[in-house]
Amino acid sequence: MVVTYTASEMMTVAAARALDNNDICFVGIGLPSAACNLARLTHAPQLTLVYESGTLETKPQVLPLSIGDGELCETALSTVPVPEMFQYWLQGGRITVGFLGGAQVDRYGNLNSTVIGNYARPTVRLPGSGGATEIATGCRRIYIVMRHGARAFVEKLDFLTSLGHGPTGRERRALGLQTEGPTLIVTDLCTMRPNPETNEFEVVTLHPGVSPAQVREHTGWAVRFHRDVEETLPPQPDELSALRDLLQRTARAHGSAATE
Amino acid sequence: MVVTYTASEMMTVAAARALDNNDICFVGIGLPSAACNLARLTHAPQLTLVYESGTLETKPQVLPLSIGDGELCETALSTVPVPEMFQYWLQGGRITVGFLGGAQVDRYGNLNSTVIGNYARPTVRLPGSGGATEIATGCRRIYIVMRHGARAFVEKLDFLTSLGHGPTGRERRALGLQTEGPTLIVTDLCTMRPNPETNEFEVVTLHPGVSPAQVREHTGWAVRFHRDVEETLPPQPDELSALRDLLQRTARAHGSAATE
Amino acid sequence: MPEFLSLAAAVSRFVRPGDRVALEGFTHLIPFAAGHEIIRQGLTDLTLIRMTPDLIYDQMIGGGCARKLVFSWGGNPGVGSLHRLRDAVERGWPRPLELEEHSHSAMAHAYAAGAAGMPCAIFRGYLGSDLPRVNPAIQSIVCPFTGETLAAVAALRPDVSIIHAQRADRRGNVLITGIVGVQKEAVLAAARAIVTVEEIVDDLETGGTNAIVLPSWTVHAIAVAPGGARPSYAHGYYQRDNAFYTEWDAIARDRDRFRRWVDDEVMRVGGGAAGAAWS
Amino acid sequence: MPEFLSLAAAVSRFVRPGDRVALEGFTHLIPFAAGHEIIRQGLTDLTLIRMTPDLIYDQMIGGGCARKLVFSWGGNPGVGSLHRLRDAVERGWPRPLELEEHSHSAMAHAYAAGAAGMPCAIFRGYLGSDLPRVNPAIQSIVCPFTGETLAAVAALRPDVSIIHAQRADRRGNVLITGIVGVQKEAVLAAARAIVTVEEIVDDLETGGTNAIVLPSWTVHAIAVAPGGARPSYAHGYYQRDNAFYTEWDAIARDRDRFRRWVDDEVMRVGGGAAGAAWS
């Protein structure tokens, strides 16, 4: 039997696999939420999910459309005020993994979710930081999940909203940060990890059927490949069925096409 | 009929009368608690009581022995964490009256509740500030309730725990404080108010049967009297019966002699 | 003790043109009814403060109420852009919109500082970000114990904060449950506070323990507004109208369609004033 | 995920001589059973941290456990002095006690800063007081927006915090209700946390809303200790033993009577170690 799947499914599954039972995740909306909940429904049932709306240890049956859906609160261990979430829980250093994305990422995992173009007169006004700026520095490590594309994977950010490894890849230590920063990028084409020497992200696995040339074409900098690039394990039947069930439940609950 | 009453009763009643329905009181244990609850049971039924244990708008039936008795929580509108009490409620400027006492007070209403003697090698180690240091500056005004005595009403404090009008009577403005500081001292002999020019406390009423000489004898500084010293209205029958009922209920509930 | 007023009376009495106004509610309990009343009353030149502008500020910005926006995340959650916000920022329609932009952590700290009567808040934030370069309201201090440089933000002190809550009792005490966001802080930080509620009850039944309550003496006006948080939701009352959030994307993309929506869904509701500020 | 241990095992495993230890509980839920276990195990040289030392630290100080006390109000509430604390400060018995003295507001802010991972807290405090002159741990900063001088205190970061709570579930999540003091902050600020509970239940039944809960991943050990807060109280379980608080005054005034009390009520209970540190 040939298992077929979409690039989005591959991306979600690859992100989910990076999580384990000991992780305490600060979850964003969209693909990160799908990945975290998929992990919880498959190999990491004890995975702890925290949403910035204040919901601690939430176990939603369907994916929330917003960061503060009622489902998150109803299935949470407890819900705390938003100042407390940022003070005691994120800044307090209790979160192991934060998921981030953005309109632009550079080779060091720095992210832009603020503007395309000039800040004062932007071509595109993006939503802005939200929790991202302090998620980027407060979580033990960061996983970035973004669709690959040359306008998103750029040589130089229009605006640095959230710190990765910094403009030269070495800024975190100078700022006194003890957290690791981004350790993984998952895209619809590949997964990337920072080079241990330079902190520049390199391709470490290519999703099945993706060529290095495709990744080069969709990356705005001269992307490097790890010396032993492997093929990403394709989505397994149990992963796919859990993900599809989750998305179907979600679509039914929201009465519309839901998040990925 | 001759109404008889004790000096403590006079003191409690005089303190209670200074409160009204619009006040939001930060209540200490002991006589202030009796005074606040007496006011609530007599002329100021809408008086709002806040205890530093976090209990907002509490309506105890009996006086608490400690600042955090279960009675306070059970009869409260809500109970907040102690950091929130000091941050949002006291420092937030929401309290109209704070009650304070201490081992020593000076002519400007500065208070010592820390040590008698030298700080490093005290003769008597007192309990310390507790909430008092910030109650003194955070409440709109302060009422001081203390038994009169030459060792308590002193020329110079051994230690300034809580600011009144400052060592020269004029320090509050220099510190940028918008709050009024102490506006009333109630003792077992008299009531005192600060002179509008100097902020030095002067006797404004003498309790029935108390002579100016008695007050001088029990005051460690050359105490001044307001030009029109009046007699304190003695405790009225309704005040006395409400107070005695309260103390009896309290004694029964605690299974021992209660406050005062 | 708050006054119990109609929503129209509460807004007319306590919100003034040019005010710094915070309508808070983190996804949950967003005070849409109050926002619409502000549009109906034609209030303008407002500085709108809110962590997540959401549809409510998209509508108010498109409705011409705002001169400035203080915010930390301006999107349609789970859907995409706020097109009225973008139109104001990118093209100045219906009028230019000044931005003061923060992170969530900064806004949450700034509300908490306002509630605590502090002039500022400090936190470990904005490290390595470009945001301090474009926002002079972000400063820093040095920890006197460790020498660490910490971010500082000025406390938020709205002239008026407006929130929606599940219920109030007859004395005017307000109960909020579920996702409580920064609503309590927004009310305590403000000079004036309006609370819309689903209903008035005899007893909040908090049992004295740790429910999130705003005592009557922290609130200036209470207005009963059942469904006042729709299309967001009220835990225990009604669910989020996710379909409308999705539908809003199409409504807000087009100026004319947006104008028609405001005329039909805001101006002709509740017998409001003559017209929105842009009309 | 915490370990479920006996109280003796939890103390022996997680509390070390010389540690900075906070046993918190503001009048309510004071962890007396754990304090007694520390006396029984003969732990010494501790820096004891607590807003209100109360009888529990009077006992531990008299029992020779403490080298230093960090506190803000050291009395027997509603009764008078803590005589063991005074004997240690005034006469060095059973050993001298170093004091680091704060106000309640400062301690509360310092715990909150510890919980928030901050190096310090700022607040409007200590104005005009002599306390900053005797405590070098009180500093100040200047607000970069208003120029106001604000008090600064270093964050409290105990090596171990110990609290008593009403209940935990089988995964180790802990529920606290009633007067909650600074217990949550003390646990979140500490490197290690021990919680004694009245009972273990299947479900905390918080409904996801705003109960005060410490998730299992914030706690290192849970020990069932019914009555573990006596003579203080546990909301929903038992009341405060006010008579004992009064009786303590006489017991603690006299060194010999205190020693006998410790022998009878602490050392001979629970099969403890050889003897208190002063014996």
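By written order: A, B, C and D. Residues from 1 in each chain.
Here, a contact is a pair of C-beta atoms (placed from the backbone, for glycine too) under 8 Å apart; a residue touches a chain by one contact, two chains touch by 3 or more.
Source: prediction; values computed, not measured.
More C-beta pairs in contact connect the chains of A-C than those of the other pair, out of A-C and A-D. Centres computed as Cα averages put chain B at a distance of 28 Å from chain D. Chain A and chain D have CA centres that are 41 Å apart. Contact with two or more other chains is made by residues 112, 116-118, 123-124, 148, 178, 180, 184-185, 208-212, 235 of chain D. Within chain A, the positions touching two or more other chains are listed as 55, 73-74, 79, 87, 91, 138.
Taken chain by chain, the contacts fit none of the simple shapes, being neither an open path, a ring, a star, nor a full set of pairwise contacts.
Inter-chain contacts occur between A-C, A-D, B-C, B-D, C-D.
Contact residues on chain D toward chain A in their complex (touch as defined above): 112, 115-118, 173, 184-185, 188, 204, 206-213, 215, 217-218. For chain D in complex with chain C, the residues that touch the partner chain are 116-120, 122-124, 139-146, 148, 150, 152, 154, 177-178, 180, 208-212, 235.
Contact residues on chain B toward chain C in their complex (touch as defined above): 24, 48, 55-58, 73-80, 87-88, 91-94, 138. Within the complex formed with chain A, the residues of chain C that make contact are 26-28, 51-52, 71-75, 77-79, 81-82, 85-86, 89-90, 101-105, 108-109, 111-112, 123-131, 134, 148, 178-182, 184-185, 212, 233, 235, 239-240, 242-243, 245-246. Interface of chain A with chain C (complex): residues 29-30, 52-55, 64-70, 72-74, 79, 81-83, 85-87, 90-91, 110, 114, 119-120, 122-134, 136-138, 159-163, 166, 171-172, 175-177, 254-256, 259.
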